[in-house]
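Sharing a structure below in C-alpha coordinates format, with a few things to ask.
All chains are identified by letter, namely A, B, C and D, in their written order; residue positions are counted from 1 within each chain.
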Amino acid sequence: MKVTNYIKIEFPSRSANEALSRNVAACFAAQLDPTLEELGDIKTAVSEAVTNSIVHAYPNDVGRICMKCRLFEDRSIEISIRDWGKGIADVEKAMEPLFTTGDDDRSGMGFSIMESFMDHLKVKSQENKGTTVTMKKKIERKNLS
Amino acid sequence: MKVTNYIKIEFPSRSANEALSRNVAACFAAQLDPTLEELGDIKTAVSEAVTNSIVHAYPNDVGRICMKCRLFEDRSIEISIRDWGKGIADVEKAMEPLFTTGDDDRSGMGFSIMESFMDHLKVKSQENKGTTVTMKKKIERKNLS
Amino acid sequence: MVINGEFKNGKLTVFLKGDLDHHAAREAMRELTLKIDTHLPRSCVLDLKNLRFMDSSGIALILKTDKRMKELEGKFCVVNVPPQPKRVLNASGISRIIDIREAGI
Amino acid sequence: MVINGEFKNGKLTVFLKGDLDHHAAREAMRELTLKIDTHLPRSCVLDLKNLRFMDSSGIALILKTDKRMKELEGKFCVVNVPPQPKRVLNASGISRIIDIREAGI
(Lines give C-alpha, C1' and ligand atoms only; values in the text may rest on other atoms or scores of the structure.)
Protein backbone atom coordinates (compact mmCIF):
# COMPACT_ATOMS: atom_id res chain seq x y z
CA MET A 1 0.00 0.00 0.00
CA LYS A 2 1.12 3.59 -0.67
CA VAL A 3 3.08 5.36 2.06
CA THR A 4 1.86 8.97 2.23
CA ASN A 5 4.27 10.26 4.86
CA TYR A 6 7.03 8.99 7.13
CA ILE A 7 9.44 10.03 9.82
CA LYS A 8 12.61 8.24 10.94
CA ILE A 9 14.20 9.15 14.23
CA GLU A 10 17.38 8.00 15.95
CA PHE A 11 18.32 8.67 19.57
CA PRO A 12 20.49 7.21 22.34
CA SER A 13 19.04 4.73 24.85
CA ARG A 14 18.65 7.20 27.69
CA SER A 15 15.52 7.01 29.77
CA ALA A 16 14.85 10.73 29.20
CA ASN A 17 14.12 9.81 25.58
CA GLU A 18 11.13 7.65 26.47
CA ALA A 19 8.94 10.76 26.69
CA LEU A 20 10.59 12.29 23.60
CA SER A 21 9.97 9.27 21.39
CA ARG A 22 6.34 8.74 22.38
CA ASN A 23 5.66 12.44 21.90
CA VAL A 24 7.22 12.35 18.43
CA ALA A 25 5.01 9.37 17.54
CA ALA A 26 2.01 11.33 18.82
CA CYS A 27 2.98 14.42 16.76
CA PHE A 28 3.25 12.18 13.70
CA ALA A 29 -0.08 10.46 14.38
CA ALA A 30 -1.76 13.85 14.90
CA GLN A 31 -1.99 14.39 11.13
CA LEU A 32 -4.76 11.73 11.05
CA ASP A 33 -6.77 13.65 13.63
CA PRO A 34 -7.04 10.68 16.04
CA THR A 35 -9.16 10.66 19.20
CA LEU A 36 -7.43 11.26 22.54
CA GLU A 37 -7.87 7.55 23.24
CA GLU A 38 -6.16 6.49 20.01
CA LEU A 39 -3.35 8.97 20.67
CA GLY A 40 -2.95 7.63 24.23
CA ASP A 41 -2.83 4.04 22.92
CA ILE A 42 -0.06 4.89 20.44
CA LYS A 43 1.95 6.77 23.07
CA THR A 44 1.64 3.89 25.51
CA ALA A 45 2.66 1.22 22.98
CA VAL A 46 5.69 3.29 21.87
CA SER A 47 6.66 3.91 25.48
CA GLU A 48 6.65 0.15 26.17
CA ALA A 49 8.74 -0.74 23.12
CA VAL A 50 11.30 2.05 23.63
CA THR A 51 11.58 1.29 27.36
CA ASN A 52 12.32 -2.35 26.47
CA SER A 53 15.20 -1.30 24.23
CA ILE A 54 16.55 0.99 26.95
CA VAL A 55 16.16 -1.51 29.81
CA HIS A 56 16.64 -4.93 28.21
CA ALA A 57 18.59 -4.39 24.98
CA TYR A 58 21.28 -2.15 26.44
CA PRO A 59 21.28 -2.94 30.18
CA ASN A 60 24.79 -1.68 30.88
CA ASP A 61 25.59 0.85 28.19
CA VAL A 62 24.06 3.51 25.99
CA GLY A 63 23.11 2.20 22.56
CA ARG A 64 21.31 3.46 19.49
CA ILE A 65 17.54 3.22 19.00
CA CYS A 66 15.68 3.92 15.75
CA MET A 67 12.00 4.55 15.39
CA LYS A 68 10.24 4.68 12.01
CA CYS A 69 6.67 5.87 11.63
CA ARG A 70 4.89 5.38 8.32
CA LEU A 71 1.47 6.56 7.25
CA PHE A 72 -0.55 4.64 4.66
CA GLU A 73 -3.39 5.69 2.36
CA ASP A 74 -5.91 3.67 4.36
CA ARG A 75 -5.24 5.80 7.48
CA SER A 76 -3.12 3.13 9.18
CA ILE A 77 0.11 3.94 10.96
CA GLU A 78 3.04 1.57 11.22
CA ILE A 79 5.62 2.21 13.91
CA SER A 80 8.79 0.18 14.21
CA ILE A 81 11.30 0.43 17.04
CA ARG A 82 14.69 -1.09 16.47
CA ASP A 83 17.76 -1.67 18.62
CA TRP A 84 21.09 -3.42 18.10
CA GLY A 85 21.30 -4.83 21.62
CA LYS A 86 21.08 -8.13 23.50
CA GLY A 87 18.17 -9.62 21.59
CA ILE A 88 15.60 -12.14 22.80
CA ALA A 89 16.33 -15.89 22.83
CA ASP A 90 12.70 -17.07 22.95
CA VAL A 91 10.35 -14.43 21.54
CA GLU A 92 7.18 -16.45 22.09
CA LYS A 93 7.97 -16.88 25.77
CA ALA A 94 8.97 -13.21 26.14
CA MET A 95 5.57 -12.18 24.82
CA GLU A 96 3.63 -14.11 27.47
CA PRO A 97 1.84 -11.84 29.97
CA LEU A 98 3.81 -11.39 33.22
CA PHE A 99 7.00 -12.88 31.78
CA THR A 100 9.96 -10.67 32.58
CA THR A 101 13.71 -11.04 32.95
CA GLY A 102 13.77 -7.70 34.75
CA ASP A 103 13.58 -6.98 38.47
CA ASP A 104 10.43 -5.95 40.33
CA ASP A 105 10.46 -2.55 38.59
CA ARG A 106 9.20 -4.37 35.50
CA SER A 107 5.72 -5.87 35.33
CA GLY A 108 6.16 -8.23 32.38
CA MET A 109 3.14 -6.56 30.78
CA GLY A 110 4.92 -4.53 28.08
CA PHE A 111 4.21 -6.80 25.10
CA SER A 112 0.65 -7.49 26.31
CA ILE A 113 -0.06 -3.77 26.38
CA MET A 114 1.43 -3.25 22.90
CA GLU A 115 -0.75 -6.10 21.64
CA SER A 116 -3.95 -4.85 23.17
CA PHE A 117 -3.45 -1.17 22.21
CA MET A 118 -2.37 -1.72 18.62
CA ASP A 119 -4.09 -3.73 15.87
CA HIS A 120 -1.01 -5.70 14.96
CA LEU A 121 2.33 -6.52 16.63
CA LYS A 122 5.36 -8.31 15.21
CA VAL A 123 8.61 -8.96 17.07
CA LYS A 124 11.80 -9.96 15.25
CA SER A 125 14.87 -10.64 17.33
CA GLN A 126 18.22 -12.33 17.22
CA GLU A 127 20.45 -12.84 20.24
CA ASN A 128 23.32 -10.34 20.42
CA LYS A 129 22.12 -8.79 17.16
CA GLY A 130 19.08 -6.81 18.27
CA THR A 131 15.32 -6.54 18.18
CA THR A 132 12.75 -4.91 15.90
CA VAL A 133 9.20 -4.40 17.12
CA THR A 134 6.67 -3.44 14.43
CA MET A 135 3.19 -2.25 15.35
CA LYS A 136 0.24 -1.14 13.26
CA LYS A 137 -2.91 0.73 14.05
CA LYS A 138 -5.70 2.05 11.87
CA ILE A 139 -7.12 5.42 12.84
CA GLU A 140 -10.85 5.58 12.30
CA ARG A 141 -12.34 8.51 10.43
CA LYS A 142 -14.30 10.83 12.69
CA ASN A 143 -17.73 12.39 12.05
CA LEU A 144 -19.09 9.64 9.84
CA SER A 145 -22.80 10.07 9.52
CA MET B 1 32.02 20.16 24.36
CA LYS B 2 30.23 17.03 25.56
CA VAL B 3 26.97 16.10 23.84
CA THR B 4 24.54 14.85 26.50
CA ASN B 5 21.67 13.86 24.23
CA TYR B 6 20.71 13.97 20.57
CA ILE B 7 17.94 13.14 18.14
CA LYS B 8 18.18 12.72 14.37
CA ILE B 9 15.07 12.81 12.27
CA GLU B 10 14.44 12.32 8.58
CA PHE B 11 11.22 13.13 6.72
CA PRO B 12 9.99 13.96 3.21
CA SER B 13 9.69 17.60 2.08
CA ARG B 14 5.91 17.82 2.47
CA SER B 15 4.47 20.97 3.94
CA ALA B 16 2.54 18.94 6.54
CA ASN B 17 5.92 18.13 8.10
CA GLU B 18 6.65 21.76 8.97
CA ALA B 19 4.52 21.43 12.10
CA LEU B 20 5.89 17.97 12.85
CA SER B 21 9.54 19.02 12.71
CA ARG B 22 9.16 22.16 14.83
CA ASN B 23 7.18 20.18 17.40
CA VAL B 24 9.87 17.51 17.54
CA ALA B 25 12.49 20.22 18.12
CA ALA B 26 10.29 21.64 20.88
CA CYS B 27 9.88 18.18 22.50
CA PHE B 28 13.66 17.80 22.42
CA ALA B 29 14.29 21.26 23.85
CA ALA B 30 11.73 20.60 26.61
CA GLN B 31 14.30 18.57 28.58
CA LEU B 32 16.08 21.85 29.40
CA ASP B 33 12.89 23.30 30.88
CA PRO B 34 12.95 26.41 28.63
CA THR B 35 10.56 29.35 28.97
CA LEU B 36 7.60 29.55 26.59
CA GLU B 37 9.44 32.36 24.82
CA GLU B 38 12.58 30.28 24.27
CA LEU B 39 10.45 27.37 23.07
CA GLY B 40 8.58 29.67 20.66
CA ASP B 41 11.87 31.03 19.31
CA ILE B 42 13.19 27.53 18.61
CA LYS B 43 9.96 26.44 16.95
CA THR B 44 9.92 29.55 14.77
CA ALA B 45 13.56 29.19 13.67
CA VAL B 46 13.05 25.50 12.82
CA SER B 47 9.87 26.32 10.93
CA GLU B 48 11.76 28.87 8.80
CA ALA B 49 14.64 26.53 7.97
CA VAL B 50 12.43 23.52 7.20
CA THR B 51 10.05 25.63 5.10
CA ASN B 52 13.05 26.85 3.08
CA SER B 53 14.06 23.26 2.29
CA ILE B 54 10.50 22.43 1.29
CA VAL B 55 9.90 25.56 -0.80
CA HIS B 56 13.32 26.47 -2.24
CA ALA B 57 15.43 23.29 -2.17
CA TYR B 58 12.83 20.98 -3.69
CA PRO B 59 10.47 23.32 -5.61
CA ASN B 60 9.08 20.66 -7.96
CA ASP B 61 9.50 17.34 -6.22
CA VAL B 62 9.52 15.66 -2.83
CA GLY B 63 13.00 15.33 -1.37
CA ARG B 64 14.57 14.22 1.87
CA ILE B 65 15.15 16.53 4.84
CA CYS B 66 17.23 15.68 7.92
CA MET B 67 17.14 17.50 11.23
CA LYS B 68 19.68 16.86 14.00
CA CYS B 69 19.27 18.26 17.48
CA ARG B 70 22.13 18.04 19.94
CA LEU B 71 22.24 19.00 23.58
CA PHE B 72 25.48 20.14 25.20
CA GLU B 73 26.62 20.19 28.83
CA ASP B 74 26.40 23.98 28.96
CA ARG B 75 22.63 23.84 28.25
CA SER B 76 23.02 24.89 24.63
CA ILE B 77 21.09 23.26 21.82
CA GLU B 78 22.38 22.90 18.29
CA ILE B 79 19.87 22.22 15.54
CA SER B 80 20.90 21.52 11.97
CA ILE B 81 18.53 21.18 9.02
CA ARG B 82 19.90 19.61 5.89
CA ASP B 83 18.59 19.06 2.39
CA TRP B 84 20.05 17.71 -0.84
CA GLY B 85 18.24 20.14 -3.10
CA LYS B 86 18.93 23.14 -5.33
CA GLY B 87 21.39 24.92 -3.09
CA ILE B 88 22.11 28.65 -2.84
CA ALA B 89 24.46 30.39 -5.28
CA ASP B 90 25.17 33.46 -3.13
CA VAL B 91 24.60 32.72 0.56
CA GLU B 92 25.52 36.21 1.76
CA LYS B 93 22.94 37.79 -0.53
CA ALA B 94 20.30 35.17 0.37
CA MET B 95 20.70 36.09 4.02
CA GLU B 96 19.93 39.78 3.49
CA PRO B 97 16.59 40.84 4.99
CA LEU B 98 13.76 40.93 2.39
CA PHE B 99 15.80 39.06 -0.22
CA THR B 100 13.74 36.27 -1.73
CA THR B 101 13.64 34.27 -4.95
CA GLY B 102 10.11 33.16 -4.03
CA ASP B 103 6.81 34.71 -5.02
CA ASP B 104 4.75 37.05 -2.84
CA ASP B 105 3.89 34.19 -0.46
CA ARG B 106 7.45 34.54 0.84
CA SER B 107 8.58 37.55 2.83
CA GLY B 108 12.34 37.17 2.51
CA MET B 109 12.54 37.32 6.32
CA GLY B 110 13.31 33.65 7.03
CA PHE B 111 17.06 33.96 7.64
CA SER B 112 16.60 37.25 9.54
CA ILE B 113 14.17 35.55 11.92
CA MET B 114 16.50 32.56 12.43
CA GLU B 115 19.31 34.99 13.18
CA SER B 116 17.37 37.08 15.65
CA PHE B 117 15.75 34.13 17.49
CA MET B 118 18.86 31.97 17.83
CA ASP B 119 22.29 32.86 19.27
CA HIS B 120 24.20 31.60 16.27
CA LEU B 121 23.40 30.78 12.63
CA LYS B 122 25.60 29.17 9.99
CA VAL B 123 24.55 28.40 6.41
CA LYS B 124 26.54 26.05 4.21
CA SER B 125 25.35 25.52 0.68
CA GLN B 126 26.48 24.30 -2.71
CA GLU B 127 24.47 24.68 -5.90
CA ASN B 128 22.68 21.48 -6.90
CA LYS B 129 24.21 19.70 -3.89
CA GLY B 130 22.12 21.05 -1.05
CA THR B 131 22.05 23.24 2.03
CA THR B 132 22.79 22.80 5.73
CA VAL B 133 21.58 25.38 8.22
CA THR B 134 23.06 25.09 11.71
CA MET B 135 21.63 27.09 14.61
CA LYS B 136 22.57 27.30 18.27
CA LYS B 137 20.80 28.60 21.31
CA LYS B 138 21.66 28.53 24.97
CA ILE B 139 18.77 27.95 27.34
CA GLU B 140 19.13 29.97 30.51
CA ARG B 141 18.72 28.27 33.86
CA LYS B 142 15.52 29.33 35.63
CA ASN B 143 15.10 30.31 39.29
CA LEU B 144 18.64 31.47 39.89
CA SER B 145 18.72 33.40 43.11
CA MET C 1 -5.78 26.60 10.75
CA VAL C 2 -9.39 27.77 11.03
CA ILE C 3 -10.54 31.05 9.47
CA ASN C 4 -13.75 32.81 10.41
CA GLY C 5 -15.10 36.14 9.25
CA GLU C 6 -17.65 38.67 10.41
CA PHE C 7 -18.90 41.60 8.29
CA LYS C 8 -20.83 44.51 9.82
CA ASN C 9 -21.21 48.19 8.89
CA GLY C 10 -18.47 48.09 6.28
CA LYS C 11 -16.01 46.44 8.66
CA LEU C 12 -14.66 42.94 8.01
CA THR C 13 -13.13 41.12 10.99
CA VAL C 14 -11.24 37.93 10.24
CA PHE C 15 -10.27 35.51 13.02
CA LEU C 16 -7.28 33.20 12.54
CA LYS C 17 -7.07 30.12 14.76
CA GLY C 18 -4.30 27.52 15.02
CA ASP C 19 -0.89 27.53 13.30
CA LEU C 20 -0.11 29.96 10.48
CA ASP C 21 2.87 28.46 8.68
CA HIS C 22 3.67 27.93 4.99
CA HIS C 23 1.45 24.81 4.98
CA ALA C 24 -1.57 26.81 6.18
CA ALA C 25 -0.82 30.16 4.52
CA ARG C 26 -1.96 29.46 0.97
CA GLU C 27 -5.41 28.31 2.09
CA ALA C 28 -5.62 31.18 4.61
CA MET C 29 -4.70 33.76 1.94
CA ARG C 30 -7.29 32.36 -0.45
CA GLU C 31 -10.04 32.54 2.20
CA LEU C 32 -9.02 36.03 3.25
CA THR C 33 -8.93 37.33 -0.35
CA LEU C 34 -12.33 35.77 -1.01
CA LYS C 35 -13.84 37.50 2.02
CA ILE C 36 -12.34 40.86 1.08
CA ASP C 37 -13.48 40.55 -2.57
CA THR C 38 -16.98 39.54 -1.46
CA HIS C 39 -17.54 42.39 0.98
CA LEU C 40 -15.20 45.11 -0.35
CA PRO C 41 -14.98 46.40 3.25
CA ARG C 42 -14.03 49.92 4.27
CA SER C 43 -11.88 48.45 6.99
CA CYS C 44 -10.41 45.02 7.64
CA VAL C 45 -9.33 43.76 11.07
CA LEU C 46 -7.20 40.64 11.42
CA ASP C 47 -7.81 39.17 14.88
CA LEU C 48 -4.99 36.85 16.01
CA LYS C 49 -6.30 36.10 19.51
CA ASN C 50 -6.44 32.34 18.85
CA LEU C 51 -3.30 32.08 16.76
CA ARG C 52 -1.04 29.58 18.48
CA PHE C 53 1.92 29.87 16.13
CA MET C 54 3.04 32.07 13.26
CA ASP C 55 6.24 32.19 11.20
CA SER C 56 7.34 34.47 8.33
CA SER C 57 4.57 33.05 6.14
CA GLY C 58 2.28 35.14 8.34
CA ILE C 59 4.32 38.26 7.51
CA ALA C 60 3.74 37.68 3.80
CA LEU C 61 0.01 37.21 4.42
CA ILE C 62 -0.23 40.43 6.44
CA LEU C 63 1.72 42.44 3.85
CA LYS C 64 -0.46 41.14 1.01
CA THR C 65 -3.65 41.94 2.89
CA ASP C 66 -2.37 45.43 3.68
CA LYS C 67 -1.63 45.98 -0.02
CA ARG C 68 -5.08 44.75 -1.06
CA MET C 69 -6.80 47.06 1.46
CA LYS C 70 -4.71 50.02 0.22
CA GLU C 71 -5.91 49.25 -3.33
CA LEU C 72 -9.48 49.42 -1.99
CA GLU C 73 -8.58 52.66 -0.17
CA GLY C 74 -9.65 50.97 3.05
CA LYS C 75 -8.04 50.64 6.46
CA PHE C 76 -6.27 47.57 7.77
CA CYS C 77 -5.07 46.58 11.21
CA VAL C 78 -3.97 43.55 13.19
CA VAL C 79 -5.32 43.04 16.73
CA ASN C 80 -4.93 40.78 19.76
CA VAL C 81 -1.47 39.48 18.86
CA PRO C 82 -0.26 36.69 21.22
CA PRO C 83 3.40 36.68 22.41
CA GLN C 84 4.94 34.32 19.81
CA PRO C 85 3.42 36.03 16.73
CA LYS C 86 4.31 39.39 18.34
CA ARG C 87 7.98 38.41 18.46
CA VAL C 88 7.85 37.45 14.78
CA LEU C 89 6.20 40.76 13.86
CA ASN C 90 8.80 42.68 15.82
CA ALA C 91 11.76 40.73 14.44
CA SER C 92 10.60 41.33 10.88
CA GLY C 93 10.21 45.04 11.43
CA ILE C 94 6.68 45.18 10.02
CA SER C 95 5.33 46.39 13.35
CA ARG C 96 6.64 49.74 12.07
CA ILE C 97 4.65 49.76 8.83
CA ILE C 98 1.47 47.88 9.79
CA ASP C 99 -1.12 49.15 12.24
CA ILE C 100 -0.96 46.71 15.19
CA ARG C 101 -3.37 47.33 18.07
CA GLU C 102 -4.66 45.85 21.26
CA ALA C 103 -8.34 46.17 20.28
CA GLY C 104 -10.40 46.71 17.06
CA ILE C 105 -10.48 49.83 14.83
CA MET D 1 6.78 13.68 37.68
CA VAL D 2 5.88 15.42 40.95
CA ILE D 3 5.01 13.47 44.11
CA ASN D 4 3.20 14.97 47.06
CA GLY D 5 1.97 13.31 50.23
CA GLU D 6 -0.49 14.05 53.00
CA PHE D 7 -0.72 12.08 56.28
CA LYS D 8 -3.74 12.35 58.58
CA ASN D 9 -5.38 9.98 61.08
CA GLY D 10 -3.35 6.97 59.98
CA LYS D 11 -4.13 7.57 56.30
CA LEU D 12 -1.43 8.45 53.79
CA THR D 13 -2.57 10.01 50.52
CA VAL D 14 0.02 10.27 47.77
CA PHE D 15 -0.58 12.44 44.68
CA LEU D 16 1.24 11.67 41.43
CA LYS D 17 1.49 14.42 38.85
CA GLY D 18 2.91 14.30 35.33
CA ASP D 19 4.18 11.27 33.40
CA LEU D 20 4.80 7.94 35.15
CA ASP D 21 7.11 6.01 32.83
CA HIS D 22 10.28 3.99 33.44
CA HIS D 23 12.30 7.22 33.59
CA ALA D 24 10.14 8.58 36.43
CA ALA D 25 9.26 5.32 38.19
CA ARG D 26 12.45 4.71 40.15
CA GLU D 27 12.36 8.12 41.78
CA ALA D 28 8.60 7.83 42.36
CA MET D 29 8.99 4.41 44.01
CA ARG D 30 11.77 5.71 46.27
CA GLU D 31 9.64 8.66 47.40
CA LEU D 32 6.60 6.50 47.93
CA THR D 33 8.52 3.89 49.96
CA LEU D 34 10.06 6.66 52.06
CA LYS D 35 6.65 8.11 52.84
CA ILE D 36 5.21 4.71 53.78
CA ASP D 37 8.22 3.81 55.94
CA THR D 38 8.06 7.19 57.70
CA HIS D 39 4.37 7.11 58.57
CA LEU D 40 3.62 3.36 58.64
CA PRO D 41 0.03 4.25 57.68
CA ARG D 42 -3.03 2.06 58.30
CA SER D 43 -4.19 2.92 54.81
CA CYS D 44 -2.53 4.30 51.71
CA VAL D 45 -4.36 6.04 48.88
CA LEU D 46 -2.67 6.69 45.54
CA ASP D 47 -4.38 9.65 43.89
CA LEU D 48 -3.80 9.76 40.11
CA LYS D 49 -6.00 12.77 39.33
CA ASN D 50 -3.09 14.75 37.83
CA LEU D 51 -1.34 11.84 36.13
CA ARG D 52 -1.09 12.74 32.45
CA PHE D 53 0.49 9.51 31.26
CA MET D 54 1.28 6.06 32.66
CA ASP D 55 2.74 2.93 31.09
CA SER D 56 3.46 -0.54 32.54
CA SER D 57 6.10 0.97 34.83
CA GLY D 58 3.11 2.30 36.77
CA ILE D 59 1.71 -1.23 37.07
CA ALA D 60 4.94 -2.38 38.74
CA LEU D 61 4.82 0.59 41.10
CA ILE D 62 1.22 -0.11 42.09
CA LEU D 63 1.89 -3.82 42.64
CA LYS D 64 4.95 -3.10 44.80
CA THR D 65 3.03 -0.58 46.90
CA ASP D 66 0.17 -3.05 47.35
CA LYS D 67 2.66 -5.69 48.53
CA ARG D 68 4.27 -3.27 50.99
CA MET D 69 0.89 -2.27 52.44
CA LYS D 70 -0.08 -5.96 52.80
CA GLU D 71 3.15 -6.50 54.79
CA LEU D 72 2.06 -3.66 57.05
CA GLU D 73 -1.42 -5.22 57.25
CA GLY D 74 -2.83 -1.95 55.95
CA LYS D 75 -5.24 -1.09 53.17
CA PHE D 76 -4.31 0.23 49.76
CA CYS D 77 -6.34 1.75 46.96
CA VAL D 78 -5.93 3.80 43.81
CA VAL D 79 -8.31 6.71 43.17
CA ASN D 80 -9.20 9.29 40.50
CA VAL D 81 -7.72 7.40 37.57
CA PRO D 82 -7.77 9.43 34.30
CA PRO D 83 -8.73 7.67 31.01
CA GLN D 84 -5.24 6.80 29.69
CA PRO D 85 -3.95 5.23 32.95
CA LYS D 86 -7.33 3.50 33.30
CA ARG D 87 -6.85 1.77 29.94
CA VAL D 88 -3.40 0.60 31.04
CA LEU D 89 -4.78 -0.74 34.34
CA ASN D 90 -7.57 -2.57 32.50
CA ALA D 91 -5.29 -4.00 29.81
CA SER D 92 -2.91 -5.36 32.43
CA GLY D 93 -5.72 -7.05 34.37
CA ILE D 94 -4.66 -5.56 37.71
CA SER D 95 -7.97 -3.75 38.01
CA ARG D 96 -9.16 -7.17 39.20
CA ILE D 97 -6.66 -7.52 42.06
CA ILE D 98 -6.16 -3.92 43.15
CA ASP D 99 -8.81 -1.76 44.79
CA ILE D 100 -9.52 1.01 42.27
CA ARG D 101 -12.10 3.61 43.26
CA GLU D 102 -13.58 6.91 42.20
CA ALA D 103 -12.99 8.62 45.58
CA GLY D 104 -10.85 8.09 48.74
CA ILE D 105 -11.15 5.20 51.28
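Rule of thumb we're sticking to: a contact is a pair of C-beta atoms (placed from the backbone, for glycine too) under 8 Å apart; a residue touches a chain by one contact, two chains touch by 3 or more.
Remember, predicted model here, so these are calculated numbers, not experimental data.
Path length between chain A and chain C in the chain contact graph, taken as the least number of steps between touching chains: 2. Distance from the chain A centre to the chain D centre is 25 Å, each centre being the mean of its Cα atoms.
Chain C and chain D have centres, each the mean of its CA atoms, that are 49 Å apart. For this pair, chain A with chain B, the centres built from the Cα atoms lie 28 Å apart. Shown for chain B are the residues that touch two or more other chains, namely 16, 19.
Not a single residue in chain D touches at least two other chains. Looking at which chains touch one another, you get A-B, A-D, B-C. Chain C meets chain B in the complex at residues 19, 21-23, 25-26, 29, 53, 55-57, 59-60, 63-64, 83-84, 87-88, 91-93. Of all residues in chain A, those touching chain B in their complex are 5-12, 14, 16-17, 19-20, 23-24, 27-28, 31.
On the chain A side of its complex with chain D, the touching residues are 15-16, 18-19, 22, 36-37, 40-41, 43-44, 47-48, 51, 54-55, 97, 104-107, 109-110, 112-113, 116-117.
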